[in-house]
Amino acid sequence: MQIAEPFSTPVPTLTDHRTRASAEDVAARFHAIRTRTTWITDRLAAEDQVIQSMEDTSPTKWHLAHTTWFFETFVLNGFVDGYQPFNEDYPYLFNSYYVQAGERFSRPRRGILSRPTVAEIRAYRDEVDRRVVELLGRLEGAELERVATTIELGLHHEMQHQELVLTDIKHVLWQNPLNPVFANRDGQSSDSRPMGWLDIDEGIYEIGTDEMDFAFDNEGPRHRVFIEPVRIADRLVTNSEYLEFIRDGGYRRSELWLSEGWAIVEADKWDSPIYWERSDAGWSQFTLFGLEPVRGEEPVCHVSYFEADAFARWAGMRLPTEHEWEVAAGELDRAGNYIESGALHPRASGDSRQFYGDVWEWTQSAYAPYPGYRAAAGALGEYNGKFMCNQYVLRGGSCATSLSQMRRTYRNFFHTAARWQFNGIRLADDGSGRGREARG
Amino acid sequence: MQIAEPFSTPVPTLTDHRTRASAEDVAARFHAIRTRTTWITDRLAAEDQVIQSMEDTSPTKWHLAHTTWFFETFVLNGFVDGYQPFNEDYPYLFNSYYVQAGERFSRPRRGILSRPTVAEIRAYRDEVDRRVVELLGRLEGAELERVATTIELGLHHEMQHQELVLTDIKHVLWQNPLNPVFANRDGQSSDSRPMGWLDIDEGIYEIGTDEMDFAFDNEGPRHRVFIEPVRIADRLVTNSEYLEFIRDGGYRRSELWLSEGWAIVEADKWDSPIYWERSDAGWSQFTLFGLEPVRGEEPVCHVSYFEADAFARWAGMRLPTEHEWEVAAGELDRAGNYIESGALHPRASGDSRQFYGDVWEWTQSAYAPYPGYRAAAGALGEYNGKFMCNQYVLRGGSCATSLSQMRRTYRNFFHTAARWQFNGIRLADDGSGRGREARG
Amino acid sequence: MQIAEPFSTPVPTLTDHRTRASAEDVAARFHAIRTRTTWITDRLAAEDQVIQSMEDTSPTKWHLAHTTWFFETFVLNGFVDGYQPFNEDYPYLFNSYYVQAGERFSRPRRGILSRPTVAEIRAYRDEVDRRVVELLGRLEGAELERVATTIELGLHHEMQHQELVLTDIKHVLWQNPLNPVFANRDGQSSDSRPMGWLDIDEGIYEIGTDEMDFAFDNEGPRHRVFIEPVRIADRLVTNSEYLEFIRDGGYRRSELWLSEGWAIVEADKWDSPIYWERSDAGWSQFTLFGLEPVRGEEPVCHVSYFEADAFARWAGMRLPTEHEWEVAAGELDRAGNYIESGALHPRASGDSRQFYGDVWEWTQSAYAPYPGYRAAAGALGEYNGKFMCNQYVLRGGSCATSLSQMRRTYRNFFHTAARWQFNGIRLADDGSGRGREARG
Amino acid sequence: MQIAEPFSTPVPTLTDHRTRASAEDVAARFHAIRTRTTWITDRLAAEDQVIQSMEDTSPTKWHLAHTTWFFETFVLNGFVDGYQPFNEDYPYLFNSYYVQAGERFSRPRRGILSRPTVAEIRAYRDEVDRRVVELLGRLEGAELERVATTIELGLHHEMQHQELVLTDIKHVLWQNPLNPVFANRDGQSSDSRPMGWLDIDEGIYEIGTDEMDFAFDNEGPRHRVFIEPVRIADRLVTNSEYLEFIRDGGYRRSELWLSEGWAIVEADKWDSPIYWERSDAGWSQFTLFGLEPVRGEEPVCHVSYFEADAFARWAGMRLPTEHEWEVAAGELDRAGNYIESGALHPRASGDSRQFYGDVWEWTQSAYAPYPGYRAAAGALGEYNGKFMCNQYVLRGGSCATSLSQMRRTYRNFFHTAARWQFNGIRLADDGSGRGREARG
């Protein structure tokens, strides 16, 4: 099985800035990305697509409908005069969190809904897609530009949900003692390279972006930060290194942990990343390819912020800030970063410096607005800003992220206990003397 | 739509006592009752069959698998040498509560399992059914008798789950704002007759049964009770009568309620039976036929013990004990009891005395062992006995009960707050002077 | 220390039926019983009297105030024209569950109130007592009779709360790793006698009472029941016998337990009665005398209904019904029952038949109204009736019960999981053949 | 009543750097600060000191014991050879969160402990104090310096708990419908001045401290940050201004709130700061002086981070970062800041610029380690570092803070939903154009 293809095959990009793209270009890109979603879900049974395994996850069929609702609400309803909704109950069922867009069905109860069925939702997708393309065919000039801008946001939203479909279904299938297989592993594993270091000098750096083909509002405004000197690892922490932490009592030594993290370790009896289990034959992990042995050379994955932080403390170091990460990634954008999207599992580093395409990387930066940030008015202003509290920023992009979503300024964010995403660890060393001697 | 047919059409019964039934008779009866189960579930989408709407309910596909597991475990595994399970993980997934039969998957998490799919479970049913019939063909004499006895228990178990499939899917579909329809209403409604009374004289009565074609162990031993004089209503309480209770502030007057019931009324803001809702157009109720107006002449249904008890107190009466019910029903067994199975909704009394086939009837008797009761050894001994605590007995049989399960000594039981079953109210009056004047 | 004295010293009783008692007699009895309450609480620190250790228990100072509120509400407020409450906020704070008497402070939050202080509540008691006695001095005839009747109910209520003060403070002190001592053990322990049996013949028996110096409404109406032949043990189950059950895996064998009980055993990891703990030196138990070794000859105490039922099943027997208990106790009322009130801990049987004064005895009877029962109108009608659901009847009376509350028809009741009361086990054998062979 | 005195009267400070302080100086300062604690608690009843009103608060008597445990553990046990603990159970009971110092009694159950009583804990305090002073009298040179350093940390810890005693008892007394009064209001209220602004220019600033008489480890290392231009309000937001927000629908407009905050607003039905209540007579608030009218000119207090953030967004501005606050406060350290400690309630600004002594001021900075921060080894290393996650920094110091704890670099921190502290709001404006027009 090879899911990489629809992820990494270049989708039609807009040859010019989207504001001058043709309706045909927009439609082609729209079609390619929408189709990728169902390409993923086609390998699931209808029954799989119903389940909500925990409050954080959503049923596959909800993702299929919600991404469609996004286009129906912000494109069709916004730009088609007298638009009649496909089904008047769907907005209530498939709005996620846009309070200003109306009432919503209770999030933790999404798994209680058997109807509409998968087939009915696929029909909903088809009809909305048809109407969007139809709309594009009628527009030009400034109006086309406004619609294309909203569609582009919707497509980035769609790609985010493609990743969520994969992370959520992984969690769903993991609940099942039958260990269902989503896909077959594809390709060879390589070795991991020794950890190298990228030096960042003290100084004022510019962070974020103000303008580009596409960026979320939270990536700007571009602004200045002062960074004290620091070294950033040039590859991810591997399973072998993480196993050393486990064997050294990492999950039993309170002094390595943030207080909230330690409370969870004790309450939930954490002793490894989620999806890992130990048997007489050693460690195995549940993957989208089924249950597999843990491979030492691969990046550790599915760890919470608490585990990433504890590992770093054990190693005598710390996590990078998001500013440090962005500066380090900028040094490397020109060559040697590993990017293979759609692999469904992180790969060993090989010769790559591995900044994108394996795992999202926890930073020690709380998710906060950049100076001068201001959310847009209306429901779309709820896209990012209202979550800037009690979450932490991750950078890079994982093996489940679309190639066209990986960029240096992208700010992903999750709560500190979240483990079901493809999240891993990169180390930073600020020469504070925490050093290696802290271990043991 | 007419679901009554597979419910009320006589299934092959054993012309002789089952201990002398032929293998062919047993197989025919087995086939007929097993087929009725899938006849019911065929009208559902795969997605419907996955959902567990609350801890008390189970997914349809779990019922399909669990009833099959019952035959696999107690028949095939018990009587076929060297039997290999269809799937070695299924016993863990589909054992309900038989602790002595091994570990079980967590009950409140049954809705988290997408696999096995409906199609896989149907294949499981087919294979087990084939093996059971095959086994019957090889047996005779005492061994046939032992297997037939276990099969007969399994078929009564199957019929109980047929009713649960209906009550559970009703609760599942009710969650959904789309108000899905399970079936179309069939037949005409009649009027309700005035309430009449059956007098029971004081005296010693015999209760329960020791011997019959089939009875659960909790229906015996037959024993004596003394009953003080009492009158028992000869029909069920109607929606009209219950609406009078609601309009009289029934749900707001604490003095009418048991303390535990009042706590729930306040906490969950109960103001009507479950499935009822009030709009400007009056009261409607969710049924297996979709959302319908509440019809005054039909028996009130889907009430908890607390509501049944509060209604009776408001009416200046009380609920019958299960002994009183059994004596009253015995008076009438010979004529005039209403029985139409599979109607999917209780019917107005018409000319009938309505002791069976509409709703289960709450009694004020806590579910307890009869004097001299002793559960069987082994896992099957867990069928009834271990639930004899904090539940209350219901008698009769509902519109979702198989005709062949309705009998005078049958003891159904549920917790006092349960409302998702087809449960209703019959009144008793012991002349204690609680009288009508208690109202208002 | 000897707390028995104020418990078992005869308090002034009314020489004649209370309807003809003199005001002086009533006042003397009122004074004696009210004083006994503070005699108990005097041995506690103010801090002890604030704590609510779980929802079932109440702070000592709440009991002091609530019993006073009872007299203020139903005597002073009911019979003194223009009565002004001692403090207008107290009714809200100290009403327990009388919905018809007005709003109440949340029960599970009683331990959140530091004010009024113990001293302030004692002043409240003094003032109400003064006013009650003053009122009595002004009355005669029918009015005196009505007040005396309410006072008598209040004094029985007071005695119930005296027992609760002891059971609740035991639970409070047990929370504390310092193992605080409430009182010093007094007197010698004797041996236990071999278990004997009382035979009850089949027949119709009269149960309950209609008339007496004092009885709660739930003890009537007197009515007939039919009892099948049964034998009732003539002493309580001892700690030695219960240890045999534990050693035989009693807490690990699901087949011995009711399903609800087993769920609690597993969830809460029950492996002995509450207050017991095992160390290398053997079993010890927390008592009002501090931590003591478990003495084999004493009655087992502080067990739930589930444990009593499981023990009886293990022993091949069952618990008696409340009817059987009442009949058996009636056989013995004339001689040989053990009654020593206020011992604060159950005593070995010695030569006694031990029907009263050690532990409350679980029966297998769900708490239900007797035929023809009807609660009184108004708030006092809430005293008993509204709890007749999901609780089980206990009979007898414990080492913390007032002598003047022990009578054959008294129906105590608690939920099946309750363990903090002085509750124990008496066996019944209905010759069902469950027999001894069920063990092991 | 005047509680300001023991708070603001200068306690003996160490005339020289503490490393050269005399044992007498240390002992005098120790005595003065320890005495202040009991000076506060002396105005409470024993009953008040037992209550834990929610998990965040602790009983007064626990504070009394815990601060004593700190000196016993880190001074007496650390520096006295063969020290025998006052009571061997106390370390278990009174350790707060120092995992490396041994097992701890469950935090949310601190209110379940009646023993040791207040009197016993006061005896514990007296004895430990005596032993500490005795120890000091025996030391000199480097050893004295080490002990004095630990004592100084213990005294700052003591002062933090003095503030907690006040904030916790306020919450305890607020539970009580009797509205108990802790102290009498003292002094006159003044007016509030118009809001002025302090301009901060863009540039690199030094933040934190490396060396001083005393600082917590989280205040260093001193390091550089770049700040974009911003204006900081020179006084706190007042109740009048906050009432304008309420009246403008502030608690009903989701677009003003962080997503987590909005969820709490809806779930807990927040419609004002904690302690406020609305009646026909207008808004009142519970204070340590009892229930009082809300005074418009006083700073708004007892708001969560969510409310502070929503208010700022409504005002078209934002909260300052902790860096911005520290820079702004530095501008003003030389004159005009309002400091009156121990007032027990925030005061109107009058002519003051009000940076200290009224309320703690929420910043938008998540609590995080400064670059190069490293926690100390051992249990004392748990003092600050392990909490650097999901909390937000507050700066300044409140009317319940000791004068000697207010300094520019002090980093207080609480969870975003915390409201029981004396926390308020200062505005920042980064000219992002969020402007005033966002309102309405």
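Each chain carries a letter (A, B, C and D) given by its place in the written order, and its residues are counted from 1.
The working rule: contacts are C-beta pairs under 8 Å (C-beta built on N, C-alpha and C of every residue); 3 or more make two chains touch, one makes a residue touch a chain.
As the structure is a computational prediction, the values presented were derived from the model and not from experiment.
Peer 1: Between chain A and chain D, tell me the centre distance in angstrom, where each centre is the average of that chain's C-alpha atoms.
Peer 2: Each chain reduced to its C-alpha mean, chain A and chain D end up 38 Å apart.
Peer 1: Distance between chain B and chain D based on Cα centroids, please, to the nearest Å.
Peer 2: Centre-to-centre distance between chain B and chain D: 61 Å.
Peer 1: Hey, how far is the Cα centre of chain C from the one of chain D, in Å?
Peer 2: 48
Peer 1: Mind pulling the chain B residues that touch 2 or more other chains?
Peer 2: Not one residue of chain B touches more than one other chain, so the list is empty.
Peer 1: Pick one for the touching-chains graph, please: line, ring, star, complete, other.
Peer 2: Topology of touching chains reads as a ring, each chain with two neighbours.
Peer 1: According to the definition of touch, which chains form touching pairs?
Peer 2: Listed in label order, the chain pairs in contact are A-B, A-D, B-C, C-D.
Peer 1: Quick check on the complex: what are the chain A residues that touch chain D?
Peer 2: 97, 99-100, 202, 204, 221, 223-226, 228, 230, 254-255, 257-262, 305-306, 309, 318, 364-366, 368-369, 371-374, 381-382, 386-390, 416, 430-434
Peer 1: In the complex of these two chains, what residues of chain D are touching chain C?
Peer 2: It comes out as residues 45-51, 53, 61, 89, 92-93, 105, 109, 111-118, 172-173, 175-178, 180.
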